[in-house]
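Two complexes follow with chain A in common, the first pairing it with chain B and the second with chain C.
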Partner chain A sequence: MRGAPLGGATGAVAGPVIWAAGLALPFALDSSWVSIAAFFAIYAITALSEDVILGRAGMFDMGHAVYFGIGAYVTAILNTTLNVPILLTLPLAMLLAAAAGALLSAPLIRLRGDYLLVATIGFNAIFVLAMQNDPGGITGGSDGITGIGVPSLFGLQLESQSAMFWLDWVVLGAVLLVMRNLDRCEFGRALRYLKQDELAAGTLGVDARAVKTLAFALGAALAGLAGTLFAVQLSTVSPSSFVFTESVTLFAIVIVGGQGSIPGVLLGTALMFVVPQIFRGLAEYRYFVFGIAMVAVMVLRPQGLLPRRRAVT
Partner chain B sequence: MSALLELQGVGISFGGLRAVDDLSFSVTEGQIVGLIGPNGAGKTTVFNMITGVYRPKTGRVLWQGREITGAKPARIARLGLRRTFQTIRLFAEMSVFENVRAGCHLAARQHWWEGLLGLPGQRREEAELAARTHEILRRLDLDGVADAPATSLPYGVQRRVELARTLAGQPKLIILDEPAAGLNDAESAALNETIFMIRETGVTILLVEHDMNVVMRVSDHVVVINFGRKIAEGDAAAVRADPAVIEAYLGREDAEEVAA
Partner chain C sequence: MGTFIQQVVNGLTVGGIYALIALGYTMVYGVMRLINFAHGDLCILGAFVGLSLLTGAAGSGHPGAALLLLAFVVSIIAIAVAGVVLERIAYRPLRKADRLAAVVSALGASLMIENGIMLVWGPQVHVFPAGLLPATTWHFAGATISFVQVMIILASLVLMAALYAFVNHTRFGTAIRAAAIDQDAARLMGINVNRVITSVFIIGPGLGAIGGLFIGIYYREAYFTMGWTYGLYAFIAAILGGIGNIPGAMLGGVLLGLFNAFAAGYVSSSWQDAITFGLLIAILLVRPSGLLGERVAEKV
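== the complex of A and B ==
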């Protein structure tokens, strides 16, 4: 408690400074490391989007890779079949993912946590199966879609790994701003009221259905945004990137890092996606190590590694 | 003398048990109305039917003459009807300030996208609502604990925080579900003061209580129920003297205590 105001002020300064320093990464690292940094940015956006639904609203979404996948497939399909420029596919990817999030969650919004969890696992299974079966010949089946173009900005082709990293990093910065604002607005607060006591929230006038649906739509839209960046970074998408274990990983990042905590989710993402790259020889042990870490954190520090700080007036 | 809230023949049963049966009474604007009855008489069930947690099987609930039977809790709140809970339901992971600020939810006019973008109008509104929250904290003498985790405080203070949260919604009527439960005598006396102070600001109060002392001291009008039925109604003195109340509700020892 006592350290919180200082901590908040430090965070307000440190966050932007670290982000700005991150812009210089391509000058300090070789391109394989820049690509890791780009993946970090993309997965950080996805994990933050899961945090909107899971960490803030307290809804057990165990199928979040679906919305990430929808974004990636929308960009891949529009770009490869209709030659739509990448950056134009971005708003569509977000919109379609948001619509899917709102529609899929609508019948489930009243479900208790455990039932919602199982239902969202079902969505994930159906999504992967559908992509593998190549409906209408547009998803490319198990092989997926290859040959996705590069984004161009003001006539500039963002082909180099550094250029793509900068794009991802700037988008991550924008998403971080949105997440920070979410903490300071009525919508974000309503999510936390619902998470902590839905009955009490109702008597204060919080419309649970509307707020939860919006949370799903927002979380899905941000995941869709990350999906577009992912398709660009890999220049190929396939169903294996959006399987159930990806959803589990996103879920675990939020729980282990700290629900509703931006630094916590970023740390969780780094542990899951960057640390394994450093110990590349041990890549196969990724789930082993993270699995042990998950158990240890849940037992020793159930609020997460960097838990959310209480707001101080 | 207009009825703010009126119940007409309201009833509900759970698994064949008639929890509340054909209950009618009204709450006049500006009054403090006490609803009393022994444990298990159906008091909280009545509250839950008024505030939309349960839907009555029979009868009607009227708000300023308009029917609101079975309306959802969020709509009830929008009408200006707020409640507290018998077991205090504060947001456990939030400070006192954040809890009371939660009561201002419906006063916020900002759209969600304005909030996500942090537009100047939204920031201004946040500042206004924070000021309103501080004002209520001062009025209920809670400004000293504004940043404390809400559930770390003594029971009596938590009660006051919950009251402050209902007041932050600028209600017309607040329903207090056994506010004296778990309070010691000093806290109970302080609660009476707070209830009077709230009434002074023009808020009507419906109070459910089985602690007779609180109800008799503060209520303008008392409704007594037992086994889900109304057995007496009137001012505190009349109810206290009512033989049906003494026999059916108070029991012999309690009757002597109240008469004394």
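== the complex of A and C ==
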């Protein structure tokens, strides 16, 4: 199998260097590009969180935008109604998203792949409808919530686009560290065994149910984290940002990029979220070409663009 | 009582359409274990092909019924060809690959068809021409039943009966069922599995084109994102009945149509979809393989 160019020993050096170089982006780009880079970081975190569930644990989650949305709404509601500082809403956003992930998935993880996929599509549809119908008057209906404040760190208002980018980029760096460690720790190995052969993993003492629920909770928590950043970046949240097509895009990023492959997922994010921004002028043709590209990539490289290297044994 | 009968008729009409489209999902899944996410878009493509023919021929003086019949025939052929081409290009190369690769390929094909429709016909809502069919209505116990509803219900029943007979009582139908159970064993028995798969991609999209045109005629409109909406409903219907199971798709379609009609009639319509999806999740929890699906052990 061909190795990923950023995997292994070279990746250990190249990855952090590229990330550090990324910190200089606000000095090199104008503000609209810095904003695109910030969105890249946010969606990269979301896609990596989907990779925990789909790529690493092998559970077909096609409703991942729900957890992203929960994070964004928790921050938006707490900040606009109770004036909770943004960064204090962050742990709660992660916690609630994780709880939702664990609770929703717990009864479903025994379902066969495709049925889980369908059930998660259902969760996504229900979530979006619930946000639109404004239960208790707290979600703002179809218009969503506006006027979300800016985060402040040690009394410093992170107001400028560059400051927000740095916040997103640093969080992305932290998530990348988590993902790299996930490759090596016991929990990450358990996920790999489970994905490859659930029966064999069971005989090796892996508690499938617990590990899968935990993977769902971890993926959802990271998506909730990205949701907070998303709410801050846009200063507004509305149901349209968390619809089923967003979940489909996240799902496709992981498969097109390469399951369980960090460089693959990052490349996938760039292709699916950043390239469309560049071709804004051709908006009409964008998704048509997109669809063709998805078919072409799968037919030509069914393992994804940058497949995960075979684990060193 | 009038409302009750009205909802039953409305539900049966929509349910018949769901069932026709659900059959395409379920037959493809049965034989290939693939969720053909592009199926809903193919069906709506059928509606657009028929619409073009109908608006093109409007005012030509031909009787509406004859035009409509022609629209159905052309649309069925066009969509069956599209289905076969889709399978050749997007799914056949991935038959031995990771299942998720085929799922994403299907999602890509769906995006391509949906946006292809938008590029050709534009993003606006198209209105189906009026006066193609008699505007006759019948009143029965306080409910109003239109000619279109009767036509859709009857046509769906006839088509489903025909498909059931074909699959259960012909040699080729036996081959389809055999390939659905075990492709390798079917091949050893001399069944040409490639031909079975091609036939499934003719029958499914062909029935789907009829379903798509029915949607256009019943709601009198067509727009390019319709494929997702109705495709998802039909897909839920297929799951309800037990995906891969042909009578299941029929039952699931009719039940979902009735359920939706009653949810819309008696409960707030803004929560209608949430109730439908809630029902879906509940069924998956209680009976993961659907109402008529067999309980099969997961292969390891």
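By our rule, the second predicted complex is superposed on the first by the 304 of 313 C-alpha atoms of A that agree within 3 Å, B and C clash if a C-alpha of one lies under 4 Å from a C-alpha of the other, contacts with A are read in each partner's own complex, and residues count from 1 in each chain.
By definition in this document, contacts are C-beta pairs under 8 Å (C-beta built on N, C-alpha and C of every residue); 3 or more make two chains touch, one makes a residue touch a chain.
Keep in mind that this is a model prediction, so the values were computed, not measured.
When the shared chain is aligned, no partner comes close enough to touch A:268: not chain B, not chain C. When both complexes are overlaid on chain A, the residue A:114 reaches chain C alone and has no touch with chain B.
By the document's definition of touching, both partners, chain B and chain C, reach A:199. In the superposition on chain A, A:189 contacts chain B only, with no contact to chain C.
In the overlay built on the shared chain, the residue A:178 is in contact with chain B alone; chain C does not reach it.
Put chain B and chain C next to each other and count what each touches on chain A; the higher total goes to C.
When both complexes are overlaid on chain A, the residue A:207 reaches chain B alone and has no touch with chain C.
Applying the stated touch rule to the two superposed structures, the overlap between the chain B and chain C interfaces on chain A comprises residues 197, 199. Looking at the complex, you find that chain A touches chain B at residues 1, 177-178, 181-182, 184-190, 192-193, 196-197, 199-208, 214, 218, 310-313. In the complex of the two chains, the chain B residues touching chain A come out as 51-53, 72-74, 76-78, 82-83, 85, 89-95, 97-98, 101-103, 105-106, 108, 110, 112, 114-118, 122, 126, 130, 134, 146-147, 149, 165, 169.
Residues 33, 35, 89-90, 93-94, 97-105, 107-116, 118-119, 232, 235-236, 239, 243, 270-271, 273-274, 277-278, 280-281, 284-285, 288, 298, 300 of chain C are the ones touching chain A in the complex.
Within the complex, the chain A residues that touch chain C are 54, 60, 107-108, 111-115, 117-119, 121-123, 125-126, 129-130, 132-133, 197-199, 248, 251-252, 255-256, 259, 284-288, 290-295, 298-299, 302-303.
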